[in-house]
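In the two assemblies presented below, chain A is common to both, partnered first by chain B and then by chain C.
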Partner chain A sequence: MITKMSVSSMNSKTWYRSMLAGNEAYSPGAYDLISTTILGSTTASVTFSSIASTYKHLQIRATMKSNSSDYSRVYAQVNDVTSGSYTAHNLRGNGSSATSNSTTTSATQMIDIGGFIPGTFYEGEGQFSGMVMDILDYSNTSKNTTFRSLSGYIPSSYVPYMFLSSGVYLDTPAISSITLFLNANSFVSGSRFSLYGIKG
Partner chain B sequence: MPTQTYIPLANVTLGSTSASVTFSSISQSYRDLVLVAQLNATVTTSYLQSRVNNDTGSKYNEIVALGTGSSVGSYSYSNQTAMYFYYPGYIGTANNTFVVANYFDYSATDKHKTIITRGNAATASGVDMVAHRWASTSAITSLSLFPDSGSFAAGSTFALYGIAA
Partner chain C sequence: MATKELIQTITVGSGGAASIEFTSIPQNATDLLLVLSERHSVDGNTRLTFNGSSAGYTMKRLSGTGSSANSNEYNSGSFIYMEGQDNSYTASIFGNACIYILNYTASTNKSISWDSVTENNSTTADQQIIAGLWANSAAITQITLGLPSGVFTQYSTASLYKITKGSGGATVS
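Presenting the complex of A and B:
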């Protein structure tokens, strides 16, 4: 009959009162990589689907380029909803002036939520845009979901762009999928899209 | 099981003034890097600059959009010998200028490097967002920040994080 259980280091025969046995406590991080997609060929859209509802927020980090001759505009939809359920605003700069734009309420996608991205005009430069997009309280079913994005690129010639964008999905279901696509043309090979979950 | 990310790689708090801060021998095993800094300078008239891999060539290009509280503007600069991380004004000696820099695909060797920065100094000049391009396909192995005059003040903090691939 066992009346006492003690912890002992196998090497030093040191007794510990804690099951950590002298080791540091494991502290799981709050920021998980959920998935990464690196395109191996030209692709019209990229979708993160079956997103677990176990995080507080999501973040998408991406480097993007299109097969347009000059540039393309990055749009987004969620949960395969293509009806008028979105609106978006942005503050942008093009190296000459700063302007602000918005979509009408109840648009069919979040327009320019990922800013502009370079096309094949910049083929020889290996130039991709960079984007960080935050999706806040995505699994909360009592509020509309807000998107915030910072993106930009600077080519050696032609017009550069820097965007601060915001968007909203005008409904309350939890976000289970996010699709990024372009106003025209497609993402090219080498474009990278990473989804992260942030615990709350 | 999801991969944990946002790994702290280095953390510097200056105990005394320093002409620059450099993160070197950066691991190539991450997807992106994020640099977070809050800093002051020892002189009132210095701008915040940065380089990668100690590259002093004319390879840095930038597009800026900023607001000063009374105006907005956008500017672009090409073939510079360093990046500017805060455009609205000087770092200041007590502004606690704050910048976050995202280095995308920093270890890739088939593309120029895109870096997106956000900067603000609540007591001074304004906010900005900048897209930088370092015109090199070399992987980034080191990055440095420095004021273009004077030094960083004691108490300035710099943290570098690796974002999992």
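Presenting the complex of A and C:
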């Protein structure tokens, strides 16, 4: 985005050594929005597909709520792989204690990668969770791709949760699609999912 | 509008590298963000230092191991550290971390936040949230990631970004 153009560079007929011709240098940003989905109805899963290898890293930002009566757990799969190709770990806190957990090795999805999200039990509070997930070097075919996410929600009347989660796809193909879904039930209308590309 | 611009990405080549170093960091931004995908040739931690200094570092850490959670501190140390992606963990998996360095040109002590995870096809892996301080008023011009022994393995990458505050908002002081 050009934010300034010097008038003198257009009208004064001054000769410049630089192509900038008196204007400020422009450096393109490293952080691009690729896609955003805001759900208009209850939806079981959200998939970012046909992800190009244009960027170095990816980031997903989401705010979510489920139609479960209680909280739900956010899972992830990549490249439509549903066999035992994932493992995951998390560190969680609830305001009074902290615990750490792992999923069964070679699971069929990355479990708790987005933490817990509130369900209809929290309806009166209008509570959605927040999550930021970083996926580094996702197109490097010499690496199993590791995911990291920070997520949480803080209802005023119920137990809050915050998560630092990790998951890994135990294979090396470039990541071309990412699907987020719940252990049960669906995301409700108004849940938002944004995928960003980060240059590197 | 705030901007996020890439300064440099370093990729470790064959044979590995004992350290990853960013030098001559531009002094024309507000904050720095370092994004790290790394693995070690031996088991151990990853160490962060600024400007070649080995003094004045303090950190508090909340960590998980896959089966338990802990919190510890490290005061007046010679670096800030995280548990890195150990060689004993499943092959071809790299850790995932981001380090946010605030007000890096200010003539005040420097604060950082550091979120990192390692992965492993086993119960044991590391999740860490770190608050760190470098008690030094010098502007940060150099960032070094080091190891107690061994090397960062091939394909490890570190990307350094500068974050510049926007002009559309106000700073409250």
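Assume the second predicted complex is superposed on the first by the 189 of 200 C-alpha atoms of A that agree within 3 Å, B and C clash if a C-alpha of one lies under 4 Å from a C-alpha of the other, contacts with A are read in each partner's own complex, and residues count from 1 in each chain.
The definition used in the following text is that contacts are C-beta pairs under 8 Å (C-beta built on N, C-alpha and C of every residue); 3 or more make two chains touch, one makes a residue touch a chain.
All values reported here derive from a predicted model rather than from experimental measurement.
Novice: Overlay done on chain A, so just call it for chain B and chain C: clash or fit.
Specialist: Result for chain B and chain C: clash.
Novice: Of the partners chain B and chain C, which touch A:R148 in the superposed model: first, second, both, neither?
Specialist: Second partner only.
Novice: Tell me which partner A:G126 touches in the superposition: chain B (first), chain C (second), both or neither.
Specialist: The first partner, chain B, only.
Novice: Contact-wise, after the overlay, does A:A98 reach chain B, chain C, both or neither (first, second, both, neither)?
Specialist: Both: A:A98 reaches chain B and chain C.
Novice: Using the touch definition from the top, say if A:F48 reaches chain B (first), chain C (second), both or neither.
Specialist: Neither partner.
Novice: Identify the partner contact of A:L164: answer first if only chain B is touched, second if only chain C is, both if each is, neither if none is.
Specialist: In the superposition, A:L164 contacts both chain B and chain C.
Novice: Check the residue A:T63 against both partner chains and state whether it touches chain B (first), chain C (second), both, or neither.
Specialist: first
Novice: On the A-aligned overlay, A:N140 touches which partner chain: chain B = first, chain C = second, or both, or neither?
Specialist: A:N140 sits against chain C, while chain B stays out of touch.
Novice: Which partner chains sit in contact with A:S156 here, chain B, chain C, both or neither? Use first/second/both/neither.
Specialist: In the superposed model, A:S156 contacts chain B only, not chain C.
Novice: Return first, second, both or neither, reflecting whether A:F187 touches chain B, chain C, both chains, or no partner chain.
Specialist: Touch status of A:F187: no partner.
Novice: After superposing the two complexes, find the one stretch in chain B that runs into chain C, choosing from 5-13, 41-49, 77-85 or 131-139.
Specialist: Clashing stretch of chain B against chain C: 5-13.
Novice: What is the shared patch of chain A, the residues that chain B and chain C both contact?
Specialist: Common to the two interfaces on chain A: residues 28-31, 91, 93, 97-98, 150, 164.
Novice: Sort out for me which residues of chain C touch chain A in the complex.
Specialist: Contacts found on chain C: 3-6, 9, 35-37, 62-69, 71, 90, 92-98, 115-125, 127-129, 154-155, 157, 159, 161.
Novice: Contact residues on chain B for chain A in the complex?
Specialist: Interface residues on the chain B side: 2-7, 31-32, 61-67, 72-76, 78, 102, 104-105, 110-112, 114-116, 118, 129-133, 135, 137, 163-165.
Novice: Which stretch or stretches of chain A touch chain B in the complex?
Specialist: So the residues of chain A in touch with chain B come to 28-34, 36, 61, 63, 91-98, 125-132, 150-156, 160-162, 164, 190, 192, 194, 196-197.
Novice: What part of chain A is in contact with chain C in the complex they form?
Specialist: 27-31, 56-57, 87, 89-91, 93, 97-102, 105-106, 134-137, 140, 142-144, 146-148, 150, 164-168, 170, 172, 198-200
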